[in-house]
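We just call them A, B, C, D, E and F in the order they show up, numbering each chain from 1.
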Amino acid sequence: MKSPFNRHPMYVVVHRDLKLALRRKSDTLTPLFFFVIVVSLIPLGVGAERETLRQIAPGILWVSALLASMLSLNRLFEQDHADGTLEQMALSPTPLSMLVVGKVLAHWLLSGLPLTVIAPVLALQFDLPMPSLLILSLSLAIGTPVLSLIGAIGAGLTLGIRGGGVLVAVLVLPLYVPVLIFGAGSVEAIASGLGASAHLSILAALLVLAGFFAPWAATAALRVALEY
Amino acid sequence: MLEAINLVGVRGERRLFNRLSFQVRAGECLLVQGENGSGKTTLLRMLAGLTASAEGAIRWKGRLLDEQLGEYQRDMLYCGHGLGLKEDLSTMENLLISAALAGISTTPALVSDALKEVGLAGRESLSVRGLSQGQKRRAGLARLLLQQSSLWILDEPLTALDTAGCQWLVNVIDRHLLDGGLVVLTSHQHLSLAGTSHSIRMGA
Amino acid sequence: MNWASPGEFFAMGGYSTYVWGSVLVSAAALCAEWLFLRGRRKAALLHVKREVTLRKEHSDETST
Amino acid sequence: MINWFKFSSPKTFYPFAGKLIPWLAAMATMLAIAGMYVGFFVAPTDAQQGEGYRIIFFHVPVSWMSMLIYLAMAFWAAIGLVFNSRLSAMMASALAPTGAIFTFLSLWTGALWGKPMWGTWWVWDARLTSELILLFLYIGFMALQSAIDEPRRADKAGAVLALVGVVNIPIIYFSVQWWNTLHQGASVSLTKAPSMATIMLVGMLLMVFAAWLYSMAITLARVRCIILEREHHADWLYQLKEVKR
Amino acid sequence: MKSPFNRHPMYVVVHRDLKLALRRKSDTLTPLFFFVIVVSLIPLGVGAERETLRQIAPGILWVSALLASMLSLNRLFEQDHADGTLEQMALSPTPLSMLVVGKVLAHWLLSGLPLTVIAPVLALQFDLPMPSLLILSLSLAIGTPVLSLIGAIGAGLTLGIRGGGVLVAVLVLPLYVPVLIFGAGSVEAIASGLGASAHLSILAALLVLAGFFAPWAATAALRVALEY
Amino acid sequence: MLEAINLVGVRGERRLFNRLSFQVRAGECLLVQGENGSGKTTLLRMLAGLTASAEGAIRWKGRLLDEQLGEYQRDMLYCGHGLGLKEDLSTMENLLISAALAGISTTPALVSDALKEVGLAGRESLSVRGLSQGQKRRAGLARLLLQQSSLWILDEPLTALDTAGCQWLVNVIDRHLLDGGLVVLTSHQHLSLAGTSHSIRMGA
């Protein structure tokens, strides 16, 4: 058995979380499935006018992605907190923030990545043209990691708090809004003939910003949660 | 040497202990005793660096914990009420992961030996969910054999263990003390250690 | 002075809903904040006073 | 030199704040009266907006305060987190409700201004949206703190959130420059001459200072409240005359 | 303490479920909060064009209501199943289907009713005219009980099955579609100048139908789940 | 009277016990002993009606369990490794809810008395997360005082309790036995009950 266990602890965390998710298949599929459902229901409710559908498609896809990512947040640290693994992670000689990055990465691989992959397929029902599809995938690929990163802060802050489920939404959604605006905006921009590169570079800037600060904030939140 | 100086434990508005000081030297065991809710776990979590003390300081090998957190965490092993085992993974997987997180390289063969010693031979690939309460505790304690830490902080390690299990643990602790290790320990049951042990009573 | 009559003042050149709506709601919100805070202070003081009497009873008990 | 450490203990801060509050409140009232006098009776009618522009005397002060209070809150929260000082954390908690109220008022007065000027109560433009986010951040901060029973944990968790939310403030402030929006740009800046009539500016600044002093007064009052709530077992409280009475 | 335990068992079930929900405020607020967020996020994603917004408003509001109702389904019987209350209910002298009606009623009071009340307020963001608001409330008032009733069948069928969360969505959503179409359709009809009464009567018919058959089907599903 | 006839415990491919039969009469206590993983918990869960036995039958008051599940569950109280306390809720709320679910009407005053007796006075409104391990166990055991069940099935109830707590539990069990109650119990620690008690050894 070639073991991956002498690798870097961050790798171990990602590997473990993926393995656990695959053991419980429903957990893995929930965000993806939720995404597909929401996106497919909306044309039914809104009516089938092609022009309208095409116009609202980026917004709908992005909002659904955001909700799907958020709904899987409460499972990010909860389990580890309950069974004492979080303590072990905090006591590991590897800095906790590195391990947090590992957990965020795993969360993204299980929620953001599948959405990014499936989104263009779903977008076909909205009759989006090719360049829009491309930009949609690209914006999701850059934007969903930001969602996971910001989400980790919310999940850390609400860890082990009464009513954490709603609270995490209250805390995290305002911070998601810029991602939503620039993500959906990029697709709209390309559709209306303007270039999407301005929007995409802002998204990328958000990613860099979140990549720097979110692990730190989430780690601080986790340490606070562990202390009490 | 582990040294605690004037530690203060506060939970909510309750002051659990006040200006607590003690020393644990190499080869010594400190037995923390006290009633339920007297603050033993709180103290042990402070020593492990999980909770901050309102005042006072903790020194390891003469230096403050905060100055050497990474090193200290390599030297120290904390085993609390939560066992840190994932129910969906097998014992083998769990131990390999926790060793990796502790920054220690192991092999499945070594883990297998440790599991054999704690009496879980033949259950390496069973998922932890299927283990009995005592077997879970034993799987958690197998970490003592895998990680070469010099300071052990054990919060009620005898919980759920049967008589043979308790005896085994006492022997392991004695061996560790003989090797110059340090142990801080709580228990509501009586422990007959061979090595040097002091005890402090909380909430008295 | 801008206004010929009080009526003109209150009419605000046709913008009365908007201007007075802003003024009144702002005033109301700040007053409400003040009132809530007074209630909170009263409750907090009551709590402290109860603690004082509790302690007194306790010390009376132990001294007798 | 003032001994700051002395004032950072609730025990000395409590009476000190108590003495300050009446003065601040009185000054706030006077400034507000003066500001409204200037705003309604001295300042002339605007050429384009008619009398409707007079909302400015409320909208701008509350909008500025909403951002400023957030910065102050984040500042105290950071001090509380780094130096582990209780009073700073209490300051942060005390600022949040006032900030939320000012943010709400900014949205409210803005909406009431928007209807006659833009023909709509609400648009999803950058300034308006980011101000709404600010309201959610305040609400999130208060909700988080009230969901946590342990006061110290509430302080620390709140501090992390407050610091994360600081990114929103520059977004609000510069949104009118970064995106072309319906909302108008800053007309008061330190570097350039103000682009509005001096007398309007005077009225507006009077109202700004009134709002500032009001915020200080009510925050100090709330800090005193929080001290009473959190330290209700501390001996020094029992010597206070409002407790003895 | 005046105890409600001598009243009709159905009343007791409703009362207990409401009480349990109120204990955990977050549980009570989750569907409502989710609804508010989704509805407010969509304009951010879709862009601010008034005409488009007004056009998609009914569909968006209805899809969000449907999701909010569905997300609270998994808690309908799960808790009762886990702690053995469900068994006791099955063994009660009152017919199980009556108690199921009680549980569905409680679910509606906690999810459907708040949505119905808040929806017109949210619809203001979309600039809907007065008659549309009225029909929206009416259609939600008739439609959301149907969602709870159909949901109960799905919740019963997936009880105690691993990965039930996703499964319940797969089972229930196809059945929700008619409600969505006629619900959103009614508002669109009134907006485009046609009367909404045809749509509303179909919704009412769905309610009657579901009111008759769903409790029976849900009871059967529960009995199956209890057997194993 | 509780009667077990030819029970068979199988987990995975492992046969933990085979054709196990015993009786517990009113006023008697059955002590189930055995090593870690010998099948004690499995047996107790069978008796509580949570797991089915592959063969054999369990009778309560002469009738099969399956025929009278509702009644039996009213007569029986099971206290397992999991305490069934929600960490987010206070002890008071937890106990009120678990009583309501057991179909028993209580009042906050009664719960408060019970909490006082288990040594949690003054902690009624603290959320369970804040309690120490032993205090959690005590809160779980407070159910014994609130629910008037005649059969108690207790899986390692002494876990995490301090000496005073153990003594208190022994007294409560003795009182229950005197009142004509039945108790089935596992423990790795020694219990000195005054009442009649039999014991069986698992895995022997």
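In this text, a contact is a pair of C-beta atoms (placed from the backbone, for glycine too) under 8 Å apart; a residue touches a chain by one contact, two chains touch by 3 or more.
As the structure is a computational prediction, the values presented were derived from the model and not from experiment.
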Chains touching both chain A and chain C, listed by label: D
Chain centroid nearest the full-protein CA centroid: A
Dominant interface by contact count, named by its two chains: A-E
Chain A and chain B, separation of their C-alpha mean positions in angstrom: 36
Distance between chain centroids, defined by C-alpha means - chain A, chain D (Å): 33
Between chain F and chain E, distance of the C-alpha-averaged centres to the nearest whole Å: 39
Distance between chain centroids, defined by C-alpha means - chain B, chain E (Å): 50
Contacts with 2+ other chains: residues of chain C: none
Touching two or more other chains - residue numbers and ranges from chain B: 11-12, 81
Per-residue overlap in chain D, given as positions that touch at least 2 other chains: 129, 149-150, 233
Residues of chain E defined as touching chain F within the complex: 1, 3, 5, 16, 20, 23-24, 83-85, 87-88, 91-92
Chain A partner contacts - residues on chain D that touch it in the complex: 81, 129, 133, 136-137, 139-140, 143-144, 147-148, 150, 152-153, 156-157, 160-161, 163-165, 167-168, 171
Residue ranges of chain C touching chain D (in the complex, touch as defined): 1-3, 9, 12-15, 17-19, 21-23, 25-26, 29-30, 33-34, 37, 40-41, 44-45, 47-49, 51-52, 55
Contact set on chain E toward chain A in their complex: 24-27, 29-30, 33-34, 37-38, 41-42, 44-47, 49, 52, 55-56, 58-60, 62-63, 66-67, 71, 162-167, 169-170, 173, 177, 180-181, 184, 188
List of chain B residues in touch with chain F within their complex: 11-12, 34-38, 40-41, 81, 119, 126, 130-135, 137-138, 156, 159-166, 188-189
